[in-house]
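Two complexes, one shared chain (subunit A), two partners (subunit B, subunit C).
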Partner chain A sequence: MAAAMKPPGRIPAVLAIAAIGIFSALLLLLHDRWGPVIVVGVGAIMLVAALKTGAAARAERSFAAHEGAMNAMVVAVFLGVFVALGRENFSLLMLCTVLLYGIACLGLNIQLGYCGVMNFAGAAFFGAGSYTAAVLAANTALPHLLILAAGGIVAGVLGSVLLLPLLRTRGHYAALITVAFGVLFRSFLEVNDTLGGPQGLVVPGLNLFGWSFNDPITVGGFKLSFYFNYALLILLLASIAFVMARRLERSWIGMNLDAVRIDEVAASTFGLNVPYLKIMAFVIGNVFAGVAGAVFAMMTGFVSPNDFDFSTSLVLIAIIVLGGIGNPWGILPAAALVIILPEKLQAIQEYRFLLYSLAVVAILLFRPDGLFPRRLRRYFPDRAS
Partner chain B sequence: MSGDVVLGCSGLTMQFRGLTALDNLELDVRRGEILGLLGPNGSGKTTFFNVVTGIYRPSAGEIRFESRDITHSSPQAIYRAGIARTFQRSRLCLPLTIFDNIMIGNHRRLEQGLWFNLFRRGKLRQQFESCRDEARELLMTFNKALGSQLASAAGSVNMIDRRRIEVCRALIGRPKLLLLDEPSAGMTHEETNELMDDILAIRQRIPDLTIVIIEHGMTVIERITDRCIVLNYGRKLCDGTYAEIARNPEVQQAYLGKS
Partner chain C sequence: MDIGFLAQFVLSGVMLGVVYAMVAVGFTLYFGVLDVINFSHADVLTAGAFLSLATYLGLTAAGVQMPFAVLALMLVAGLAGMAALGMVIAKFFVLPLRHAPPFITLLMTLMLGTAMREAIRLFYPSGSNPQSFPKLLPKTAYHWGNLLVREDTLILIATGIAVIALVSIFINRTRLGLAIRAVAQDGETARIMGIHFEWIVLLVFALGSALAAIAGVMNGLYYNEVSFSTGLRLGIIGFCAAVVGGLGNMYGAILGGFLFALLQTVAVVAMPAFSAYKDVFAFTAIILLMVIKPTGLIGEATSERV
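Entry: the complex of A and B
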């Protein structure tokens, strides 16, 4: 046990991040029938081995001890994978989707993971951002940066419709209200002809300060996929969202949100303004989802009601639960699992959803708190406290 | 004891449908005293705390704290006015750290703005460090060993230390009135004694602090209270020093039944 006393070095975390990066790049690069299946199989065995031998726990401790450097390394690995996938449209699109769902989930995690507000209408707020971007980009000359912000604002404002019923109900009842809202939102999109009805809307590509995102970049005669542009922007946005969510957690507000989730009566006895904190968490979370939705619309160039149905909301919640409720770092691997795995298991055809569901059940069976359970709060972790 | 009244209740009534939990209660708490609140189960002691702290709205009557009417104030406003409490059944946030649990009680002295918390990290850090030192010092007056455990989960310590954390949570915000709801519930004899030492130590440290304590153990009451009030069916049965109330035949009857 002497080893546990000494602060852990960087190596375990560096190895773990590198391994996950190589694994993901391999998975995305292989397009033959059985290659991805083999990679997934090997990856699963390695993951179980890492969990069983304590290597995963060691990597986690090492990560926690050198957080700043490791966060930077994750960004670097993402950039590396982007470059490796330089011309692969579909793989880059999938990675971008993972990151955008990740941003939305960071928002929902503030609601559910910190404050305890169940939101089963995540896709509706994501969709509100998407449709806002679609309408504004097609019909106005607003700078696109403002349009992305508008996506967030509209989602935040739309969420305020739900505030009153949400504050008056608790637990399952509050959750049901958000379910109803999600269904309502989709139905509204389907019957509203101005918003394209069931056919949806075409969205112009993103253009920031004269940089047209839909034109591929050429580096030294090598033409990269136009999704590469989006990937860079989305990585930047995801990093900002992550830092903001982390700072929120590691502040007095984060502590208050936790107190509200765990015991509302005790919280209000000590002066915490419970409704205000719930509203704050709910609105911030929806803004995250809205911004992610706006980028999603401009990236895919097309929005339709089907992208924002109840099952998408469930996927968002599943990502949070699978990753470890309340842990922002759990979101990325979980999002990758939920979005990439079914696509890459094409070889086993119809059975892939069965296998994928079994994987989710197995994870929750053996790790009921998710892949990466949340750890205790540290306010300023990089220095000794 | 000065006669200065910190908390005064008149005609205080709390009804839940047909049940009258507090019945026209008249009760004064004087500055700096330790007042014991006694009475059989269901006599309205905890209800009284819940009404004072704003969790329940009284059906009738008036509560004055430092000559301000707080009858219809929110729990938040009452906390800010300077009343803090502990709960009979522990209401710590067990998944959070001991430090977080104590800081929940420090709410009114912590900067709550969103901008401050997200973007003024340097200032937040200063506030965090001074709070951490203060919490550690407070905790160590109760149990030296707890001082090094600020960053551990509150759920990882034993029952008596959890109670101590609850008391620290109530004290860190520097209240003027501390309400302790059966702090010895579920503890052994020795633990109870230790906790009472702690409460007397608080008294030494902060002589101005007024404490109302709900207790069943008569030796405890005898040892730490200056004055006792006995409730029965939501009414005040009698009021006096421990020796006086212990001799009171009505009290004996309420506790032991008619003989």
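Entry: the complex of A and C
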């Protein structure tokens, strides 16, 4: 295996990231009816070709070998796309939504992908963050940075209510707990009048240290969309969330979580504190979803129960499965596919839930590890595997 | 409180309970033979109701006037269609994933259900709006004080109980039922004994889906309305009922179904001011019950095999 010993170069990963960046920017910039269709068609052919010829695997190996530099490049590409879209409200809003769903999915991925705790109430925790932000921002003078943190804390605390049932039950019984909770949460929002009932609540825009996010920024006489503010903040938050998730995965805790997922009984015979690890994964995941939800509420300026129903939870899970369960890098492309594609292809917008569900069914049947399967843990990151 | 009012609540609670129990029995049957949760069950129910509705519309358009013949044909179409659909789901979507982790099967059937639900919403004419379901049963009402009893309610309750009893007899008293129980107990050993595993699985999926179709038609006849999301709501409740009762146990599922109806009814009776919160109350109670009995009320006795 002499070839495998040679550390992969940077070029495949750089090319892949650049291709994905150009592809997304083109997709978001084209507004006519057929432009996006052509871009998507070409992109799909390229993706299939890359998966078939092994180019995708090569890019992934090279990505893994130069993780730090490549992550930096991803951030740079995002910034580049933001600038390219500088004045386009809607496109920036969509990119922000992709990143926020990405943060929530990173959280769910810690639960499901690392620890194996099923959570079919992702949208409920996202919504808990949103409603916390809505109530606090409208009724208190709390600094907005604290409100974002509060969104995460409330989601975490709300999730803690489920800890006892989750720890006592297993498998399908545990899945029921989260399904029931997700339905219960939405039903509660819908009938509770102080939280706006089915009409929802209006949320004031974000304001950090006097920097009002709802005013457009002007750079050298060039006026940018006010979503640019949010895009920068959300990119920062997403980077922090990603770094945290990766650190967690690579630490001993991450390895213990893997052990719990693969075999709970074996993990506990080796002295791992299984309930403690499950609690940690579950709470951290919900906090991620809550913070993302809080930012989402302040960005869109409006929350309503419809944003947080069972099918939204399923969309979050669909993103994780599409990207490859347990693979944090898979989440962003998957979230982009799930959110941007239906918006840009107006012909299929009406059919988007049908298409998500069929896509997941097809992936589970034919490519059960997702588009970008999680790679084996590398024990010596500085050595070529 | 007046006794008539109370009787009224009991009656509507029993009606709900019968439908929930029928849905829950389907979930528990699938779990029994394959150890999987088939969430598309919920949307099979919707599909069954819509297929019957389409049959009705077709027959009316063709000029058939006899209500009972129409009803019988609707049931036959719904039952046969859903039994076939159930077998297709089992053969092409559930059996291929038999050795995958349980989460994957659950997700697969959830997404399959979503696809079916969306297909109904998009492709049935004006399917995103609730459709009116024909009133085919006699609606004569009787009054005793505050109690109001409609004939259709009685017919539906009797039908539901009869169907559940028939399924129970089928499972417990016939040779095919014995084969189903054998597969549920131990698939490998059942195979060695000469039972065709796959046929039995397909049979169970056909049976469960047919039950869902009956539940869908009953629900439609009772409320005179079906919508693409009818099944999702009933399915989530039926799933809760099956799990709370103890997965794989038919009596547990029936118990769970009636328990859920009881919880909803109690919420309405005891807290009239908060009757909008009846689902919140019922689901909270279900979660609490799971804390007390983590493997259901009539739980699996065996501990986990390692």
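Please note the rule applied: the second predicted complex is superposed on the first by the 354 of 385 C-alpha atoms of A that agree within 3 Å, B and C clash if a C-alpha of one lies under 4 Å from a C-alpha of the other, contacts with A are read in each partner's own complex, and residues count from 1 in each chain.
Just so we're on the same page, a contact is a pair of C-beta atoms (placed from the backbone, for glycine too) under 8 Å apart; a residue touches a chain by one contact, two chains touch by 3 or more.
None of these values were measured; they are calculated from a predicted model.
**Student:** In the superposed model, does subunit B or subunit C contact more residues of subunit A?
**Tutor:** For subunit A, the partner with the higher number of touched residues is C.
**Student:** Output check: A:L206 vs subunit B and subunit C. Expected answer is one of first, second, both, neither. What do you get?
**Tutor:** Neither partner.
**Student:** Is A:I234 touching anything from subunit B or subunit C once the two structures are fitted on A? First, second, both or neither.
**Tutor:** Neither partner.
**Student:** When the two structures are overlaid on chain A, which partner does A:V265 contact: first (subunit B), second (subunit C), both, or neither?
**Tutor:** A:V265 sits against subunit B and subunit C alike.
**Student:** Thinking of the overlay built on chain A, is A:R247 touched by subunit B (first), by subunit C (second), by both, or by neither?
**Tutor:** So A:R247 only meets subunit B here.
**Student:** Can A:L314 be said to touch subunit B (first), subunit C (second), both, or neither?
**Tutor:** A:L314: touches subunit C, not subunit B.
**Student:** Would you sort A:M280 into first (subunit B), second (subunit C), both or neither based on which partner it touches?
**Tutor:** first
**Student:** Could you look at A:A294 and tell me whether it touches subunit B, subunit C, both or neither (first, second, both, neither)?
**Tutor:** Neither: A:A294 stays clear of subunit B and subunit C.
**Student:** I'd like to check the shared interface: which positions of subunit A are touched by both subunit B and subunit C across the two complexes?
**Tutor:** 265
**Student:** Across the complex, what residues on subunit A touch subunit B?
**Tutor:** That would be residues 244, 247-248, 251-256, 258-259, 262-263, 265-273, 280, 376-380, 385 of subunit A.
**Student:** What residues of subunit C sit close enough to touch subunit A in their complex?
**Tutor:** 31, 37, 93, 96-97, 100, 102-104, 106-108, 110-115, 118-119, 122, 232, 236, 239-240, 243, 247, 276-277, 279-280, 283-284, 286-288, 290-291, 294-296, 304, 306
**Student:** Quick one: which bits of subunit B touch subunit A in the complex? Just the residue numbers, please.
**Tutor:** 53, 55, 74-76, 79-80, 84-85, 87, 91-97, 100, 103-105, 107-108, 110-112, 114, 117-118, 121, 124-125, 128, 132, 151-153, 169, 173
**Student:** Across the complex, what residues on subunit A touch subunit C?
**Tutor:** Counting only subunit A, the residues touching subunit C are 112, 116, 118, 162, 164-165, 168-173, 175-177, 179-181, 183-184, 187-188, 191, 265, 310-311, 314, 317-318, 321, 350-351, 353-354, 356-358, 360-361, 364-365, 368.
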